[in-house]
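Below are structures written as structure tokens.
Consider the two complexes below, in which chain A is the common component and chain B and chain C are the respective partners.
Here is the complex of A and B:
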């Protein structure tokens, strides 16, 4: 489906995750963060960039891996993106919601 | 003579030994399977043991009786795989050379990964049911537990049999009802996922059942620690859930052998091609069942479907033919829902579980994603099928290794 984010027509899935990363830019990230009531600081951006990079390298994202990444620890990750940090952060970063294997 | 070596004589390794010994025979081939253990456990039975539905003797047999006579069984601990030298190093120093290697060393719980989990309350008020010892200790606890807050908890994904904790919650509801003490027990289901399951349609059906049975659900809970003194689990976001009895599924990891051999990822799972089951790093190594990192369920049904496909692929590899990218992540699981009923789900990498009929489209007799007694009979019959059909590598009639889309109601 299409959604207007930061004045642009963006394709998202039913949960609001971008389906085409090429449509993402920092304004889109800011707008998605505002929807989640998260004002983005420099620390937020470091983590968002890290997540995008991992996604680019096709690394499966998990809370555990982020805890061991050296970029942040799990405590801080929760402080920056409260409640469900990985889901929130990936949405803002414009990358797919991490699939938990079943 | 060429040598094929299988590591692990659990569900996956045993099935593979039975498949391959029909195909790769003396004097051209020798097959060896290595496992240090004496017993083969029917792991799905661990779910039923705590509720006195199965007894220990129902779920334990010897490894030996399922290994074909012409396959050599080596009962020894494995120290390391030396993939560059095509050798296995056993504890004690003996080495076994291989031409082809199949890794089927499974996954196991690692409660030490979570602070306080294996603390003072371990097997007093904190239990697992993913080991025989844990399941038996929990049975003894439940026999005279007087009630209170029961918390059923998943630490992190992936886990073996991702539906088992849900089944545990459903069976607990049923168990306490039969003991006329359901009103004394508050059941809470705590999961790191955002709902009862990972796929939308099944989540909807399962959450409906949780609600119907009066089981609370706490989603998005990433555990930081178990507080043994206060009897609480605490998550990284600061959420606290008190318990009188905690039944947890600890972090699951692949075998430590992978760490010693430098062949695993951060959870000791072996990087594997999800369609061919070949190791990503070594062409003469294949990975079957829970030991791999493929994004399929860690479940016996998956290992069963994989084994059929892997047998073909190993024969192709042996004959110098290209591998077939055939495995589709097919899984087929019964979900016990208590009171003599069960659900059945059938899905793969790309198709989530939906309603329908199985295995005959439009006929059944099993119903997908709907509770029925017939599904429960199927689950109970499965123990016989496991021992007598599945482990022996016999094809289950009408159930194909790749998933069929027929008879399923995709929107």
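Here is the complex of A and C:
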């Protein structure tokens, strides 16, 4: 379905995840973060770029992998993206929700 | 179900078994809750304490006897070394699907904000001391403390 994010028409799935990453830009990221009540800092952006890069390389994302990323650790990840960090961060990054149990 | 549309706010998981499959079940459920933004806490009691005992947590096994789902004759499962073999095979499979070992899993749980409690009664029974336990264990508490900890709306309790 279509949703207006940061003044643009964006295609999202029923959970609000972008279905076409080419529609994502930093303003869209900012708007999605505002929806989740997360003001984005430079640290947030480092992690979002990391997630997008992993997605590009088709790496399956999990909390364990975040812990081993070298970009952040699990504790900080939960602090920066409270409440379901992996789900929230991937949504802001414009990439699919990871189907991971760990 | 009326309160908050039945939303789950916190999972209180009681782990009473020390076999690998039960420990992993409890850990995956606790971690999965945190990943969904749900609080979670684990109460380790009886053999479940082995999962947080420093010297034992690296040596947990799957049960090969009395476990029909292993599809192994009970007599065969009882042979020396069989449990260790089955356990090492299972651990290999788990690594393949990116499943951490018990120690690393405990690190992930504590970093994710999962509270870990050890049962006082079981500690006394096994003559364990707090310093025998994994350092991330929050405290040794009574069952009454655990119930107090479980108060609130949307709290669910699960026994493994």
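Please note the rule applied: the second predicted complex is superposed on the first by the 100 of 102 C-alpha atoms of A that agree within 3 Å, B and C clash if a C-alpha of one lies under 4 Å from a C-alpha of the other, contacts with A are read in each partner's own complex, and residues count from 1 in each chain.
Here is the rule we go by: a contact is a pair of C-beta atoms (placed from the backbone, for glycine too) under 8 Å apart; a residue touches a chain by one contact, two chains touch by 3 or more.
Predicted model only: the values in this text are computed from it and were never measured.
Looking at the shared chain after the overlay, A:53 reaches neither chain B nor chain C.
When the two structures are aligned on the shared chain, A:99 is found in touch with chain B, with no touch to chain C. Of the two partner chains, both chain B and chain C are touched by A:63.
By the document's definition of touching, both partners, chain B and chain C, reach A:74. By the touch criterion defined above, A:84 reaches both chain B and chain C.
Applying the stated touch rule to the two superposed structures, the overlap between the chain B and chain C interfaces on chain A comprises residues 60, 62-65, 74-75, 78, 82-85, 87, 100-102.
Across the interface of their complex, chain A is touched by residues 28, 31-32, 34-37, 98-100, 104, 107-108, 111-113 of chain C.
For chain A in complex with chain C, the residues that touch the partner chain are 60, 62-65, 67, 73-75, 78, 82-87, 100-102.
Residues 60, 62-65, 68, 74-75, 77-78, 82-85, 87, 99-102 of chain A are the ones touching chain B in the complex. The touching residues of chain B, counted against chain A in their complex, run 156-158, 162, 192-194, 197-199, 220, 222, 224, 236-238, 266-267, 295-297, 331.
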